[in-house]
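Quick one: structure below, then a few questions.
Chain lettering (A, B, C, D, E and F) follows the sequence in which the chains are written, and residue indices restart at 1 in each chain.
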Amino acid sequence: MPNELVTFGEAMVRLSPPSFQRLEQTTSLDVKVGGAELNVAVTAQRLGLQTAYVTRLTENPLGRMVVNKAREHGVDTSHVLWTKDDRVGLYFTEFGASPRPNTVLYDRRDAAIARIAPGMIDWRAVFAEARWFHTSGITPALSASAAAATIEAVKAAKRAGLKVSIDLNYRARLWSQDQARAVMTEIMSDTDVLITTEEDTERVFGITGKDYEDVARTLAKRFGLEAVTITLRETPSVWRNTWGAIVYAGGEIHRSPILDLELVDRVGAGDSFAGGFVFGYLKGGPAMGVRYGVAVSALKQTNPGDLCWATLDEVERTLNDGSLRIVR
Amino acid sequence: MPNELVTFGEAMVRLSPPSFQRLEQTTSLDVKVGGAELNVAVTAQRLGLQTAYVTRLTENPLGRMVVNKAREHGVDTSHVLWTKDDRVGLYFTEFGASPRPNTVLYDRRDAAIARIAPGMIDWRAVFAEARWFHTSGITPALSASAAAATIEAVKAAKRAGLKVSIDLNYRARLWSQDQARAVMTEIMSDTDVLITTEEDTERVFGITGKDYEDVARTLAKRFGLEAVTITLRETPSVWRNTWGAIVYAGGEIHRSPILDLELVDRVGAGDSFAGGFVFGYLKGGPAMGVRYGVAVSALKQTNPGDLCWATLDEVERTLNDGSLRIVR
Amino acid sequence: MPNELVTFGEAMVRLSPPSFQRLEQTTSLDVKVGGAELNVAVTAQRLGLQTAYVTRLTENPLGRMVVNKAREHGVDTSHVLWTKDDRVGLYFTEFGASPRPNTVLYDRRDAAIARIAPGMIDWRAVFAEARWFHTSGITPALSASAAAATIEAVKAAKRAGLKVSIDLNYRARLWSQDQARAVMTEIMSDTDVLITTEEDTERVFGITGKDYEDVARTLAKRFGLEAVTITLRETPSVWRNTWGAIVYAGGEIHRSPILDLELVDRVGAGDSFAGGFVFGYLKGGPAMGVRYGVAVSALKQTNPGDLCWATLDEVERTLNDGSLRIVR
Amino acid sequence: MPNELVTFGEAMVRLSPPSFQRLEQTTSLDVKVGGAELNVAVTAQRLGLQTAYVTRLTENPLGRMVVNKAREHGVDTSHVLWTKDDRVGLYFTEFGASPRPNTVLYDRRDAAIARIAPGMIDWRAVFAEARWFHTSGITPALSASAAAATIEAVKAAKRAGLKVSIDLNYRARLWSQDQARAVMTEIMSDTDVLITTEEDTERVFGITGKDYEDVARTLAKRFGLEAVTITLRETPSVWRNTWGAIVYAGGEIHRSPILDLELVDRVGAGDSFAGGFVFGYLKGGPAMGVRYGVAVSALKQTNPGDLCWATLDEVERTLNDGSLRIVR
Amino acid sequence: MPNELVTFGEAMVRLSPPSFQRLEQTTSLDVKVGGAELNVAVTAQRLGLQTAYVTRLTENPLGRMVVNKAREHGVDTSHVLWTKDDRVGLYFTEFGASPRPNTVLYDRRDAAIARIAPGMIDWRAVFAEARWFHTSGITPALSASAAAATIEAVKAAKRAGLKVSIDLNYRARLWSQDQARAVMTEIMSDTDVLITTEEDTERVFGITGKDYEDVARTLAKRFGLEAVTITLRETPSVWRNTWGAIVYAGGEIHRSPILDLELVDRVGAGDSFAGGFVFGYLKGGPAMGVRYGVAVSALKQTNPGDLCWATLDEVERTLNDGSLRIVR
Amino acid sequence: MPNELVTFGEAMVRLSPPSFQRLEQTTSLDVKVGGAELNVAVTAQRLGLQTAYVTRLTENPLGRMVVNKAREHGVDTSHVLWTKDDRVGLYFTEFGASPRPNTVLYDRRDAAIARIAPGMIDWRAVFAEARWFHTSGITPALSASAAAATIEAVKAAKRAGLKVSIDLNYRARLWSQDQARAVMTEIMSDTDVLITTEEDTERVFGITGKDYEDVARTLAKRFGLEAVTITLRETPSVWRNTWGAIVYAGGEIHRSPILDLELVDRVGAGDSFAGGFVFGYLKGGPAMGVRYGVAVSALKQTNPGDLCWATLDEVERTLNDGSLRIVR
């Protein structure tokens, strides 16, 4: 089966102290794998899109673990670029409780993906028969060569007739707002769908509005986008949030339901939203995109790990039933 | 000491992923033992009733584990029927978080208890000196022979002068509403006390009412019952519920306090209520039954496993004090 | 670097069932170390005060574990008194969920610290160059000789020019209210700063007031104290509390912010408050004391163990920012 | 990349008590996935053969787990047949210590694979471009329809020009020696390579010899086989074994080195041998087959789970170096 | 069913660091229950003797845990004496590896059983219909009143016509050799069967001989014993031992097979031997006693905990088969 | 108390899969801290030398963890150099079983210690009142500036009158044999005591001999050393080794006993030997050095982690008693 969706970016091994322990105090770490575009790929694949994930990885047990976890969900990793050099990035997550927020400590310096450069991936082969390409603002932020490789990928996708979605995902530790603005503006010229938050929009593009719907409209207009979708999170406490999204497309705003969340692991929520959004958008358009995106990413936040373990049935039950009684 | 309460039904080995993991993702499973009538027996035994539990089990490590866990709490298992054939049933529970509900996946096909048949248990010996017999709507649902054996047991209990309580407990995966109605109606003719929920009452007997008190009255009248007790759960989220019960007996409604629950494990709550209800009913009548039933089952929902680990002291402190400060 | 703060009291090995299990049901116990004055020492040391902890311990793996955990945070344990006799005290904590409160079961009989007696510690050496001495109402409650040793320590501290703070910490299982009143009243005569709750104040000194501010004023006046600080906890459920404090000093009341807590482990909260209070008091006076005390002890309650693992940066972020978003 | 090797048979979820506990006493179970032909597929895939695994599975979290674990290693599962019915088989393993042997308790009744029947799998599609087909004596033992389906598969493989290997693997709990002899003799007529032990050869075919080399020659002659390979295990204790193999092919006996093993998990050793043997045979003939088979399966026995986690590099280091010093 | 065997002594909660960690370094402890006479009771009960265990325990979660674990195996605990006072004893075990031996650190001071005194137990009721009474040299070593209570029990057993067995079990930390000699010599006058080691015999009675058979004969003669059994352990390394026993009875020596052991947990081996010996002796005399005693205690040493989890079938397979292959 | 021993080098966070799992397959990692010179410091400190450990670390939870673990054992870390830059090195250890050796995968690139340079540490202050300085061949191998800093440290130690010991510890992944020879030869000119193996001696200095005693003599002569000590390990299997050492000093060879080891964790054995050797050498000269070095490092290899948890008592019992029976 040919790949319908292709995603591209960094994946890392994720290490987390269990049971709300601090990293400094822990004697064991739970091992997971995550990364924005890998998370998107896994969600979309689980819902039913055949998906390929492209990255560059060091050939060692940690690199193999990253690929194993993608394959476990059926994601095609045959286009992953392997190297004997560099290292596999790591990140450490701490789970908080009010008033202590969750934290992420990145240890991604010198990761193989940061050394990616234009020409390394045969994008023409990767994109054969594909329908959609997705990456995020993290990939170009990793290094100058990674920025160039991202632009190459986006342009190749466009040329191959794929729809291009970008999750803006600004990371202040990786680059400045000025650097981000320059690169992301260039990427916007080949982008069809932008996935973002109000805050990132302001930091990267300096765009604000009277409300998030206004921001979405402004973004769509400024960059000539087919759709702009914005996720909405309220954080009354660390363990309880609300979660929803809107999309502006075809001159209209579509809203997801707003879901109450009890949070087990919110890392990767936005990525899972993106994976569900792409799935829904391809199956039924933007309104279905936000609904499926919000439901699948709400479910993802209820179990450990960046990666989504929900099924399409469960997403649809969440949207259609919503009962919280035991399912027997 | 002779047994005061006898319960009869299926017990299984229960396997649960720790830490809110999905079953599909887990690398370990917590092992517990549970089953509606076993849960009742353990609760009643812990509160102070000498209780016997009757079932049919395969002689292997899993079957022994079931009996071990009953004996651990002092429940008499000398009437358990052992076989070299069949298997020990299993069930898998997943712990959810809003908007993902808890799930139970049963793997109980071909369990030894489903092959039970009339004549296998010497009920006369079992019931010697006993005061109360309890089973649930699950036992007859397991197979036609199990239904016949359940009817045999109920009739033998009645004949031996025991009080008979039934927890309606409708399981749609085991039998149709029509099948349930036929069998349970027959069983009702020998029943003294019915433990149920509004929803099960409607599904099995097609009985509804303007409120649950009305339903209780209708049930009592329809089947000539001494008491009908209904548990009441509100589910604003997966981790926070409220919990209470009413009983209709002697022409009166008695209400338990409504307790706020932080849920660690709600599986088996209704069974634990039944165990506490029987204890309270025998010690002080229906009003004490609902109070003790609700308190002990509220406590059960705060620690892992179907089985209750509360003590009588703790139940009484919950009813009389209610402080949530550290007990030193 | 000379020690600025010296604390004195009992430390024990703490054993807790994981995952909300009851002690009776558990098959493993998490091992931590705690004790009121050790908790104070660790918090103050982590925030930046050089601190020494004084106790008496049996020379065996458990005694070494207590000292190891103090040293792990940089606390000076060179004044700990070792013995081949007696034992290391233990306590068992159960983590509850509404309506089941947390419990602590002490097994501290015959611990080495209960056999401490005046003359055993060379307080002059301990207090050289130090600025502050802290102990609690638990230490004198352990035995008559421990009471005498505590009075000796307080007087030596006073004589050496240290500021003396006492956490009233009444423990009904250790002594009667009358016994406590006699000893604590004597200790008050050398005390500068009293840390307490409304409830303990009433039980030990029989002092009540129209509100906690009134109680603080009365205490300050009665015992001629420089400062009286009272912690304030609301307990709507076992997992959600609010937490704050006030201090009366120099004729004025200073109030901390009231923080919403999601509780992972509230044992030791008051001690951690005391450690933060002493730090803040020494750095900036009573108003800073309550603010830093409340913030650091709020953070402590969000991870497992009596001991605090927060940093000064995190305390200040909690006071100044308060956002609950992921910190990357 | 087209599949080079296809394997066919049952896979189950495997549950094991940790730390040498008995099943009866355990409170948690480690979860793995295994099954003879799945184990073969994973080993061959890890060494470098593109492999497809064919089975029939129930669509639920346990069935998905089986496929996930195959995919994790890169095995193609696109030909797996899914059903809403039946169940996923389980087995429980206990790890022993002298004089207590390891045990396996199967709970495989009514598994989906036992209901497989001829015509369900499109073998022509499965075998397109493939070079080798492997199954074992367990698959036809599962049920009469499974036996018919196995014969169908073997004949289809032969017709499609694949080499056919059979691991004799007699399971006394599944069928009698007479039943096994009838079916396995029929299968032998389409078999090229037989993998077996002296004991199974005697039980299924009644063939004995003066030594295992003699047995191999007799088997090759009796069934006109291209190669017969026999694994050799000595069991001086539960934790220490020796492990080797011989192959008879082209009129010659080739011997692997005999390796000393410290056993972490010997379940699946023979399957891993088969996977390594097929890989070696395809790359370099029978002598390479036994060497690679023994080395890779020796490594498998040193880590938990039926599935192999060794790499080709490690296999070659084991054969060529053999040092037991730390590899840095 | 009336009790056939009665045992009497101390049981404690046992805490062990997992995975060969030192107690000083561990962050969790595995929780088990053990005690010489409890271990005997559980082994005998599992093999098929109805057994009662008598002790004195504090009514708290730890005391209940002790009784729960006895009941789990079917042991009758209805004669256990409960108190609100004192404490439940603890011991800490470390698992070694050559050249580091296993260690046990006792924390049993002030345990409820040490406060037992003559007259507290109604031995006449306990011994009704029983056939055998067993205790060890640990029970009288706990305190002077415990020694008196032990002598009372032994005399009552004798009077009631029970056979009395004593495991000499000298504990140097509890009493001196002189104290032990005085008390144990008195107890010997009512003893039928002595279970011991060469070393304990020398330390308590000053008896040596040219070999252990000679020692057994001397003991039998000196104290007029019906049987003397001596366990034999060789300790070439911490993880590998050999294990056997002899019994002298009726003028003859009977020898068990000598078994090679891979040790998971050797604590309680001698107690499990005693349980198996009593079972075998009652079923078939002294020769069967040593054989069953050695086999069941060999199996016990292969899984964690003092308590035995073997079955009669497994004991007989160990004696009759001895194969170390996987049991499927 | 002034520091007697100062060690200098890299420490890292160590991550290990539990239960013999491969790194590629694990879902959790045990967290420890280690590093050659830290291991030396901890061993010496536990035996009774006051020891300081000097390194450069990034100020984050992982850096704090390194220092915490040193302090836990009483090691003085007040001279550690903190930075906001760089990272904390990691390494991953896999525990093997024959024929799979243990492995270590380093991830130490860009660690703070590799950026150390001459002038950063005030060695004069560090060495005040100290008697011994120790480092290894790993420290200068980390980078050119680290090599320069190591030479600076060695010369400063010499100048301050300390005895200097070097563990040759050649790491082929860090530098070539030529690079090592150049730097280590320079360092030898200020070295008093060399700790090495035959293999490293040959690789770094090209020195061989007819046996290890001959090698020790040649080294002592070539570099004018006061003592040369060589550790001796035989590796018949991964879990069973023998372990000993010799020292050449004052024209004589002294030999330790050769100990049989059951290995729980052999990483850091040589470092623990060095710590014990320095302790013994300072207390009683070279013969005591090898004896204490071998005994303490044998004990270290029996529990998890690089760091030693033995006590002086245990070391002396190992040397003087050697019994493998349970220590109660």
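Going forward, a contact is a pair of C-beta atoms (placed from the backbone, for glycine too) under 8 Å apart; a residue touches a chain by one contact, two chains touch by 3 or more.
Computed from a predicted model, the values in this text were never measured in an experiment.
Think of each touching pair as a link: the shortest run of links from subunit C to subunit F has 1 of them. Both subunit B and subunit C are touched by A, E. Farthest from subunit D in terms of Cα centroid separation is C. Subunit E and subunit F touch with mostly distinct residues; of the residue numbers seen at this interface, under half occur in both copies. One simple way to say how far apart two chains are is to compare their mean CA positions; for subunit B and subunit F this gives 61 Å. Computed centre separation for the pair subunit A/subunit D is 40 angstrom, with centres defined by C-alpha atoms.
For subunit F, the set of residues touching two or more other chains reads 18-19, 22, 24, 27, 68. By the definition of touch given earlier, these chain pairs are in contact: A-B, A-C, A-D, A-F, B-C, B-D, B-E, C-E, C-F, D-E, D-F, E-F.
Contacts from subunit E toward subunit C in the complex involve residues 15, 18, 22-24, 26-31, 60-62, 64-65, 68, 87, 90, 92, 105, 107, 109-110. Of all the residues in subunit E, the ones that touch subunit D in their complex are 18-19, 259-264, 295, 298-299, 301-305, 309-310, 314, 318, 322-328. Touching subunit C in their complex are the following residues of subunit A: 19-22, 24-25, 96-104, 106, 171-173, 235, 237-239, 266-267. Contact residues of subunit E toward subunit B in the complex are 1, 68-69, 71-74, 78.
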